[in-house]
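The first chain written gets the first letter, and so on, giving A, B, C, D, E and F; residue counts start at 1 in each chain.
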Amino acid sequence: MCLGIVGKVIKVTAADDTAIIDVHGARREISIALLGQVKVGDYVLVHAGFAIEKIDLKEAEQMVKMWEEQLNDVTPGQVL
Amino acid sequence: MSPLDRFCDTELSRKLMGRVAALADEVAERLGRPAVFIEVCGTHTVAISRLGLRSLLAGRVELRSGPGCPVCVTDHQEIDMMVNLARLPGVTVGTFGDMLRVPGSRSSLERERAGGADVRIFYSPLDAVAFAEANPEREVVFLGIGFETTAPVVASTLMRARLQGVKNFSIFSAHKLIPPAIRAVLSDPELKLDGLILPGHVSAITGRRAFDFIVKEYGLPSVISGFEPMDILIALHELLLQLHRGEARVANKYTRVVREEGNLDARKRIAECFEEVDVPWRGLGVIPESGLSLRETFRDFDARFKLNIEPAPPTPLYPPGCACKEILRGKLLPTECRLFSNVCTPVHPVGPCMVSSEGACAAYYRFERFSPVGGGI
Amino acid sequence: MKENGRDIVLLAHGDGGALTHELINNLFLRHFESNILKTLTDAAVFSVNEGRMAITTDSFVVDPPFFPGGDVGKLAVCGTVNDLAVSGARPVYLTASFILEEGLPLADLESIVQSMAGACGVAGVEIVTGDTKVVEKGHLDKIFINTTGVGYIFPGVDLGYHRIKPGDKVLVNGSLGQHGIAVLCKRYGFDFAGQVMSDCAPLNGITSLLLKEIRGIKIMRDLTRGGLATTAKEIASACGLDIWLDENCIPVDAGVKGAAEMLGLDPLYLANEGKFMVIVSPEEAEKAVAVMQGHELGRDASIIGEVKPGKGNVYLSTSLGGTKLLDLMAGSPLPRIC
Amino acid sequence: MKENGRDIVLLAHGDGGALTHELINNLFLRHFESNILKTLTDAAVFSVNEGRMAITTDSFVVDPPFFPGGDVGKLAVCGTVNDLAVSGARPVYLTASFILEEGLPLADLESIVQSMAGACGVAGVEIVTGDTKVVEKGHLDKIFINTTGVGYIFPGVDLGYHRIKPGDKVLVNGSLGQHGIAVLCKRYGFDFAGQVMSDCAPLNGITSLLLKEIRGIKIMRDLTRGGLATTAKEIASACGLDIWLDENCIPVDAGVKGAAEMLGLDPLYLANEGKFMVIVSPEEAEKAVAVMQGHELGRDASIIGEVKPGKGNVYLSTSLGGTKLLDLMAGSPLPRIC
Amino acid sequence: MSPLDRFCDTELSRKLMGRVAALADEVAERLGRPAVFIEVCGTHTVAISRLGLRSLLAGRVELRSGPGCPVCVTDHQEIDMMVNLARLPGVTVGTFGDMLRVPGSRSSLERERAGGADVRIFYSPLDAVAFAEANPEREVVFLGIGFETTAPVVASTLMRARLQGVKNFSIFSAHKLIPPAIRAVLSDPELKLDGLILPGHVSAITGRRAFDFIVKEYGLPSVISGFEPMDILIALHELLLQLHRGEARVANKYTRVVREEGNLDARKRIAECFEEVDVPWRGLGVIPESGLSLRETFRDFDARFKLNIEPAPPTPLYPPGCACKEILRGKLLPTECRLFSNVCTPVHPVGPCMVSSEGACAAYYRFERFSPVGGGI
Amino acid sequence: MCLGIVGKVIKVTAADDTAIIDVHGARREISIALLGQVKVGDYVLVHAGFAIEKIDLKEAEQMVKMWEEQLNDVTPGQVL
């Protein structure tokens, strides 16, 4: 119900709580008023022009890694 | 490759799809029927449709669409009030694109605009504030629709407008809350359900804990999911696993975004601006404390008061023949409505589920209306 | 005060009188090179030989009129050239009819006219007659341009739905959705830092190459409003066969994908102005791709699908291996939150 | 609520998707009879023989779109047919491109389309291809129509400024200013009780008759925007000769005169949509008048002036015997108090 | 045939023209130069041009154009204020078509409209009131321009608006009075003048007597004239006759419309709504008690107060090189201005006399720029 | 400076001080608030949508008649 899009922060203007994000080359100014500290290089989840959460890349890394390992396990019939 | 991109990796997804399908087969065999899950969130509905996932799980898992499309659940009465707003001289109604075509009892914002009302689409409510500043002779009313995800965005906008002393900006709040709606759905005794896919972006604000009641009160497996192919497959896998193991918990499989307590800043802003009220939902009727109305301290930004908008008279919930009520509760599939695709189409929608592209009926219409004659390429 | 009518368009520029003449002589005739146009008569006269001709018309109302990669003028020339090109014709003459909003800066008009002249040069077509109307401020948004084009159908060429058969391959000449995204992003405050631009370009070069080299071309269609999905559905409906497209083969630029996601839109429904779809016999599909790739507007050409027996539906095989239905667009793309 | 898209025009009617198809099939194809149009391809294809063709384009933006004696649809067909007719051509094919304002009642669109079909029938022309765009409410005023027309120049016909000589006579086919007055009066709340109506009519019947009967026709011009005065000045400038018009001979209907006075306007500058000027050799002038008077659109045809040596000026001999200069229109006609 | 139509009868006019020409010859001979008359009224200027009368009287009578085009005499400062009005958000400026193109010091209403201001042309100020009633969210300001003829029309409109309780309608009064302007012209010692053609429709309101001062104070022949060919010729005949006989009076040759005392009802309305003030005229400078501003009792309809319009700063009267000042005083002919027809044209007007089609320069440009090479038909 | 046009009154609505006038077939509602009694058949002078004066047809008749007589007088050389 709520489109969220991942953007990489490429500029932060703390004075007015805005940042520029980049989404595969598409850039837009968004508000970071709903987040605490945001810095260049962070990934944020954007909804309706506001960053609503930071993306935890470590968590992402862990989760895909776990699945990559599991799925590359070739035990036949493995379903869990 | 960023770890984020790997959530859309085709090869990986196809492998996981195999696991999910196999697990689903086992579960279906054990249950003697396909497992029935509800995806609460309309964005999940669309993502599932886009992936063609229903075709791949046919006979193993039945995926039903829940009440999580803010457009679909906005009541006639509220739309009628928005229409009345749009008709006021000097008023510009600002909205997200989603609301434009939703029919009220007599009109829609799209029809009002066509009839001369000033209705404008904004990507962000902040753009509406900027428009108000540039057009001081107009009263700009932004329609606050959406769930917990959108409410803090609107709250932030409001605070910004107050800070900047923008006098010709106000909000018509029709925000709604997801947990009360889930309760309303789950308390239906007729409902047969094996698990829930919970909305990832609502959870980003509310936090995982907000959904613990599902396990405590209804004992159902549930999972918070992201929206990429891997996210959805991981979530399905989790639900099937819980079912398979006879467990029930609120799993968070969107850990890169969703925290236990959610976004505390955002929750604070919601609390500062809004208070919980009983509101009607299309298809679900009035649900206690399921809506957000502006607090008294924000009366000067509350379009209902500033522009003296009377509540519109209540209207029958559905056009005759429309099965949205059952569909929104996850009790019927869109294809089971007898108006689906003959009388009711996205171009000439009858019920609310056909209006938003995220509505269950529209998603089925666009992506799954016919089964193919031949196979894939 | 700026001198009347020398910096912005006034109503009087469209009254057919003195200012209209000034505009025609000082602006249009300065950029559009054509001996036929110069006569400024009620109609342009030209000689024809026996054969078949194609005629097409389009009005261009793009908001905003200037966007990354082009403007409404370039679009107006390319759009009409492309409709002729995909019809199997060699575009020759264009008409250009302007409707201007009072207050439009003359400098904007001039740069639009300049783009038109540039696109005409690239496409090798000539604007032979035109018209200018001006309407009161608020009665239109800045500028609308109609172009109508005529061309000669290449001898021996026969394109049409009737030639499409099951087994035929579906090709496109490159990445989809660029024009639609460039325009929408400009409208809603996005910036691509020059990375995504409209693909607006005249296709008659590449189509004439294709027609010369490949005899098995069944139909060509430019993928404008409604995008690939809508055009595919139109073709499938018209010939009563199904079209299967493979999501993994459809080229979509990463930037377009990102911006489309941000706005909640589907690239398969976004407009293109330099992309076309070709349906070609299976034997010649690979050769057609090679020919297209040899032209600068076909570098990313690829086979994206196939025609199958059926009932006029379009299916997309998803990346996961599932299938979903594609249909005509229903409602213009608007930015959404859900 | 009225069903979406079935009573008024919505943006989605112009998105190229499902509603666009509905509009084309349920409205345009129902009224426009053409086997070529029916193919609904990117371009219309037709066969031609060797010879000369004429092409002309105009956009029609009349406010209000319905006026006594016609509507923008009739105008769009007649205007383009007439530009071809006065160029010495037989009009054959038209393109029709619509730009619609969101909210336009579909019933209004239908009656406009109906008028177009009617006018096509009278003129014997066929709409072979078209286009529909819809823009947001307020981005245009109700409806704009572009028509572009092609026709065959009658063999042996040679019209042009180069043929005009001193001594040639100037003719018109009837009373001036009707269209301009009908539109302005509707706009500013006047009522003619049916007495003054737009003269909007296709002229190809009477022009082809003239071309058949009279060899000495030098040029023909329809008297649209800017009226008789502006057209006369254009001709005089183009051929470097003076044109003398006699106020006493210029037919202007009493109703037009009255309304023009009320608004402070000069009928010689008002638009016509069924009137044209002919310059003809002096020997054949009387015969030309007779031929015109034999056609229902030329009942009040008369000789109104003469070409003289000079420098490209237009003079009017006034009723008092004085002379005054006529020039290009400068600024659209607006109601004045002084 | 109605007697009114006979005033445009061609045959009769041609005969009278003969008499006028012959009489003019006699007078010119006696004076040793052509008689010089001024037509105060711009509508006379246009009518004279349309008839080609100047070409017929060349060498016998010189007809000069006076200050009677309300558009031409509206000062830069006033136009600048109208422009400022048009720029206010929420304001619709209603006007007669004449004012649209008149340049102020930096802009014109036409340019403001092109730039987005809401400027609308009305045939009658009552239409502007109707527009105001239909658009209650806009403040509709009607520009009161014109002389004694138009002032009562605007006064009546105002009274009607007050009666109907229309709250969003107001007037920006720039009305001017003709007798003070005539005084200003005639008191110029350099002026050589043999007679005046007085404005018929101003006289319809003021009455003939209002012009008696011309004879008393300046001893000049003058005549009130209508606008048909016969009217103008009769007036010329009358002036020539007075000159010939050495008389001087204010003859009324428009008796079918003009009474001794004028239209008393209309004069009463003017007096009720307006008071006389000193105002600047283009070309003539400030003339005492020559303008009409709304009385205090109409402050609620006075745009200057209602919308708080500051007086615009005064600006130089003319663009460099423009001879309007002399032309408006009847001291030069438009063709004697060195910008005429090369730099200054109706399409790119430099001075005010070129702007209105009734302005002396525009009339000369349109109708009399070139003398013909050949003769008439 | 002030366009005035002669119209024939074809309808009077005293209640709101309006009349319909006819000018060679062109009709329009105008205000008669600036005149006293106006009746159907009267000729009025109209400026900016208001009748500003009644036309005295007798005066008109007299004046043209006088001139017709004078001008049809064939005395050669007559100039006054």
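Definition applied: a contact is a pair of C-beta atoms (placed from the backbone, for glycine too) under 8 Å apart; a residue touches a chain by one contact, two chains touch by 3 or more.
What you see is a predicted model; the values in this text were computed from it and never measured.
*Asks:* Using the contact definition stated above, find the chains touching both subunit A and subunit E.
*Replies:* For subunit A paired with subunit E, the chains in contact with each are B, C, in label order.
*Asks:* Can you tell me the least number of steps between subunit B and subunit F, where a step is a move to a chain it touches?
*Replies:* Step count on the best path from subunit B to subunit F: 2.
*Asks:* Between C-E and A-B, which chain pair shares more contacting C-beta pairs?
*Replies:* A-B
*Asks:* List the centre-to-centre spacing of subunit D and subunit F in whole Å, with centres computed as mean CA coordinates.
*Replies:* Each chain's C-alpha centroid was found; their separation is 36 Å.
*Asks:* Calculate how many whole Å lie between the centre of subunit E and the centre of subunit F, each centre taken as the average of the chain's C-alpha atoms.
*Replies:* Spacing between the chain centres: roughly 21 Å.
*Asks:* Report the inter-chain centroid distance for subunit A and subunit F in whole angstrom, where each centroid is the mean of the CA atoms.
*Replies:* Going by mean C-alpha positions, subunit A sits 82 Å from subunit F.
*Asks:* For subunit A and subunit D, let me know how many angstrom lie between their CA-based centres, rounded off.
*Replies:* Centre-to-centre distance between subunit A and subunit D: 61 Å.
*Asks:* Any chance you could list the residues of subunit B touching two or more other chains?
*Replies:* Residues 42-43, 69-70, 96, 101, 123, 127, 146, 150, 345-347, 358 of subunit B touch two or more partner chains.
*Asks:* What parts of subunit F, by residue number, touch at least two of the other chains?
*Replies:* Residues 1-3, 47-48 of subunit F each touch two or more of the other chains.
*Asks:* Can you list the subunit C residues in contact with two or more other chains?
*Replies:* 11-12, 17-19, 136, 138, 189, 264, 327, 330-331, 336-338
*Asks:* Pull out all the chain pairs that touch, please.
*Replies:* A-B, A-C, B-C, B-D, B-E, C-D, C-E, D-E, D-F, E-F
*Asks:* Under the stated contact criterion, what part of subunit B meets subunit C in this complex?
*Replies:* 8, 10, 13-14, 17, 42-43, 49-56, 69-71, 96-98, 100-101, 121-123, 127, 146, 150, 229, 345-347, 356-358, 365-370, 372-374, 376-377
*Asks:* Quick check: in the complex, which residue numbers of subunit C touch subunit E?
*Replies:* Per the touch definition, subunit C meets subunit E at residues 1-6, 8-12, 17-19, 22, 102-103, 136-138.
*Asks:* In their complex, what parts of subunit C are in touch with subunit B?
*Replies:* Against subunit B, the touching part of subunit C is residues 188-189, 242, 244-246, 248, 263-264, 305-306, 308-311, 313, 315-327, 330-331, 334-338.
*Asks:* Could you please specify the touching residues of subunit E with respect to subunit F in the complex?
*Replies:* Answer in residue numbers: 2-4, 6-7, 12, 15-16, 19, 22-23, 26, 41-43, 68-70, 96, 123-127, 146-147, 149-150, 152-153, 156, 159-160, 199-202, 204-205, 227, 230, 234, 241, 244, 253, 255-258, 263, 265-266, 269, 358.
*Asks:* Which residues of subunit C touch subunit D in their complex?
*Replies:* Residues 11-12, 14-21, 41-61, 63, 82-84, 86-87, 89, 93, 95-99, 128-131, 133, 135-136, 138-141, 144, 146, 148-151, 153, 160, 221-222, 224-226, 230, 234, 327-332 of subunit C touch subunit D in their complex.
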